[in-house]
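Right after this note come the structures.
Next come two complexes built around chain A: one with chain B, the other with chain C.
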Partner chain A sequence: MIRVVLPPNLRSLARVNGEVQIDVAGQVTQRAVLDALEDRYPVLRGTIRDHVTQRRRPFVRFFACEQDLSHEPPDTALPHRVVEGDEPFLIVGAIAGG
Partner chain B sequence: MSKVRVLVGTRKGAFVLTADGKRDRWEVSGPHFPGWEIYHVKGSPVDPNRVYASQCSSWFGQLIQVSNDGGKTWEAVGNKFAYDGVPGTHQWYDGTPHPWEFKRVWHLEPSLSDPNTVYAGIEDAALFRSTDGGQNWEELSGLRGHGSGPQWQPGAGGMCLHTIILDPSNPRRIFIAISSAGAFRTDDGGKTWRPINRGLKSDYIPDPDAEVGHCVHRIAAHGSRPNVLFMQKHWDVMRSDNAGDTWHEVSGNLPTDFGFVIDVHAHEPETIYVVPIKSDSEHYPPEGKLRVYRSRTGGNEWEPLTKGLPQSDCYVNVLRDAMAVDSLDSCGVYFGTTGGQVYASSDAGDTWAPIVRDLPAVLSVEVQTLP
Partner chain C sequence: MSVGNQNVTAERLTNDEILRYSRHLVMPEVGMEGQQRLKAARVLCVGTGGLGSPVALYLAAAGVGTLGLMDFDVVDYTNLQRQIIHTTNDVGRPKVESAAEKIAAINPLVNVRKFEARLSSANALEIFREFDIVADGTDNFATRYLVNDACVLTGKPNVYASIFRFEGQASVFAAADGPCYRCLYPEPPPPGLVPSCAEGGVLGILPGLLGLIQATEVIKLILGSGEPLVGRLLLVDAMAMRFRELRLRKSAECPVCGLNPTVTELIDYDEFCGVRGEEAPAAAAVPEIQPEELKRRLEAGEDIFVLDVREPHEYQVCNLGGYLIPVGQLAERVGELDASREIVAHCKGGVRSAKAVEFLRGVGFTKVASLAGGIQAWSDKVDPTVPKY
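Up next, the complex of A and B:
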């Protein structure tokens, strides 16, 4: 079970509170986690990565285990502690005013 | 007694304001979608409880929300706006080629005959249509592909398609406007388009009377006379009596011919409204006086409407989609400001009062007149 923390705006959009937990089949990568997340919460499609290009939206970051994974290739395996459910995969809105 | 529902989009959410036909006591519902930019909210003229909203943010992109109970509850529908084919380039601010990229939906225009059909005007400029209540969107690519697309360029707010007018007398005719490309018309339901900018003059482009490149801010028409169009351009208030084939200036005695909004009285097709704004860079009312100007002669002769509006130290803007009229016997006129006020007049503009004073910056105002 993979733990995912959504930013507040996406939590309200998906109508969830706190962390979400999702099953990911096969290797646990950034792409696999996002695919599973969007399957479970279709309203999130297009909000984290572009609908067409599937690239991360510019003001969205991915953190885990105190590392910035935003620029990792999407098919790279996520850290072991995320795979084991010890640490969450954090989807973060970049800090920018407004 | 009839009711009025005012749909307000702001920088930080949507608000629904309701009143009975007297329009003197208002209930405020919201914010809906708090924290999100709501560029536009508009109801179906066929089914007033069907309301569409454009929800977006720089962080998380675009969503489309649909309500089937007049804005009480909402459901997110399709948000995939994929250009038809390889979109190519338009001009950037400095004239260099720039790739077409979807950014947001500026305007939603529900069909006049089918509540499940709705048009979306987007940035970078293109027109999309859904025929299944917003679940799926398809580009009407004849507009972007008609030939002049590579010459279009953004205005300060982005290269947005902000105006969509459906001709009630001819379902195959649609007018649209783009900043900063100009106005376009289709007569075959959106397959082919042609620029309708003859008569516009814009000194900020190399050829002031070019076929495209004009920064049209807004177009309005009265449903009973869809061939008569009124335009607020970056500079100049313009009028066309032949469905946009030619335009002539009707700025007349306005204190400045710059502004964003323009609208037409619900029952008097020669009565029109604008809010003059100081420019090029100030973008607030001249002399700090918020004045709506009304012409009862279809332009050229304008009178300031000030009663109930701040006449000193007012430095707000009124953005292009932020004025609307109701269709009660005594026509109501409404507009919202970047200062968060929504003003209403229940007597065609003679007197004004704020419905609300302290919303986030208002991006759009639409009105539904309900039985």
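Up next, the complex of A and C:
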């Protein structure tokens, strides 16, 4: 199981609380995790990756194990601790409240 | 790294100040020189709301010599749940006046500079140049980008925090060699994707948590002590009470602080954030009905189906007796509606109901309208017993 943390607005959109746990078949990459996430929550399509280009949208970033993975190629394997479920894959989004 | 006036010998402390700041002075990490640095420092708080309240209160108490307070707003009753620098008696007063009064009561030695104005591309650079550090306590994306860009262009650190519901983010942007806000988020989300605190709510305590992180970072920058949050993003989850630290990198491609910047002067931030685009279609593209008109027609016994597209917990706060389908469920539950009847959709303020009407018209409903201003306008114009939230 891969643990995914969504930003609060996308949790509301997907109607989930807390972390999401998803099964990913094959190699665990950003693309595989996001594909599985969008399969399970179709409402998230277009909110994290562009509908057409499938590239990360500029107001979200991907992190794991404290490191910024936003600019990693989407087919790069995620860190072992994410694959093992020890650490979540974090999707962090811009918020502006003050 | 120390920010601000490095020649602090002119800022000798009086005996009263030595007594007031004695808990600082006994710590070698602050000491006499650090307290003099604080006295010499000039910090601008942009926004005196949820974040700005604790930032300003604690920086004043700590002995920051000059505090700039910038806000165009007046104190509203709904502010009091979290904006602790303002009191019930301040409702209706300019926030800057209210905040300055509290600061004077806490520490009359602070030189408060009041800017009762909206931060804009026209005034930001001139004002920022008069300060050493900027604390961003604003509440919308357009101003967030404006503060960031103005900090980069004037070389001032941007001590940043933002909040939403139960979560917050904090960092120090635009410090020497550190990333800026645009390195993290080059572009804002499209209007409507990330609700504001007014729409999505915010735990009243949360700006206290994040504001104190900002105040701490300001003090550290002035003292030149500790490890500032430069190149790090702190995520705060108040519900889990979990703090996560993420590493950030300065982006060579950043349009404002990168190697080949394309933003070399302040721009139109409303346009950049699509704010104008957000307002126009919602108001213009869908038919609306005014609260007084709806009341008159309902009392006349006309067959109008009132559709409430808010969330169930909002319905519990107040309602008009309408049929509840949250806007997010409308697509899957549209079969519950009768297209032959006239439908008036409403939400809290009119934005979600406009989206609902747009959707319903798109799937063939012809007799649909949005209640202008939502249940808030109903409370204002028709029935003041309906509580506002």
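We take it that the second predicted complex is superposed on the first by the 93 of 98 C-alpha atoms of A that agree within 3 Å, B and C clash if a C-alpha of one lies under 4 Å from a C-alpha of the other, contacts with A are read in each partner's own complex, and residues count from 1 in each chain.
One rule holds for everything that comes next: a contact is a pair of C-beta atoms (placed from the backbone, for glycine too) under 8 Å apart; a residue touches a chain by one contact, two chains touch by 3 or more.
Just so it is clear, the model here is predicted, and its values are computed rather than measured.
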| message | By the touch definition at the top of the document, which applies to A:Gln67: first (chain B), second (chain C), both, or neither? | response | second
| Is A:Arg55 in contact with chain B, with chain C, with both, or with neither (first, second, both, neither)? | neither
| Where does A:Arg45 make contact in the superposed view: on chain B (first), on chain C (second), on both, or on neither? | first
| said: Looking at A:Leu90, would you say it contacts chain B, chain C, both, or neither? Reply first, second, both or neither. | reply: second
| task | Look at A:Leu13 in the shared chain and tell me whether it touches chain B only, chain C only, both, or neither; answer first, second, both or neither. | result | both
| message | Does any part of chain A touch chain B in one structure and chain C in the other, and if so which residues? | response | 7-9, 12-13, 43, 47, 57, 59, 93-94, 96, 98
| Which residues of chain A touch chain B in the complex? | 7-10, 12-13, 43, 45-48, 50-52, 57, 59-60, 93-94, 96, 98
| chain A-facing residues of chain C, complex | 47, 49-52, 136-141, 144, 161-169, 184-189, 193-197, 200, 202, 207, 233, 235, 240, 244-249, 328
| query | Which bits of chain A are touching chain C when the two form their complex? | reply | 7-9, 12-13, 15, 18, 43, 47, 57-59, 61, 63, 66-68, 90, 92-98
| note | Touching chain A in the complex, chain B uses residues 34-36, 57-63, 76, 79-82, 102
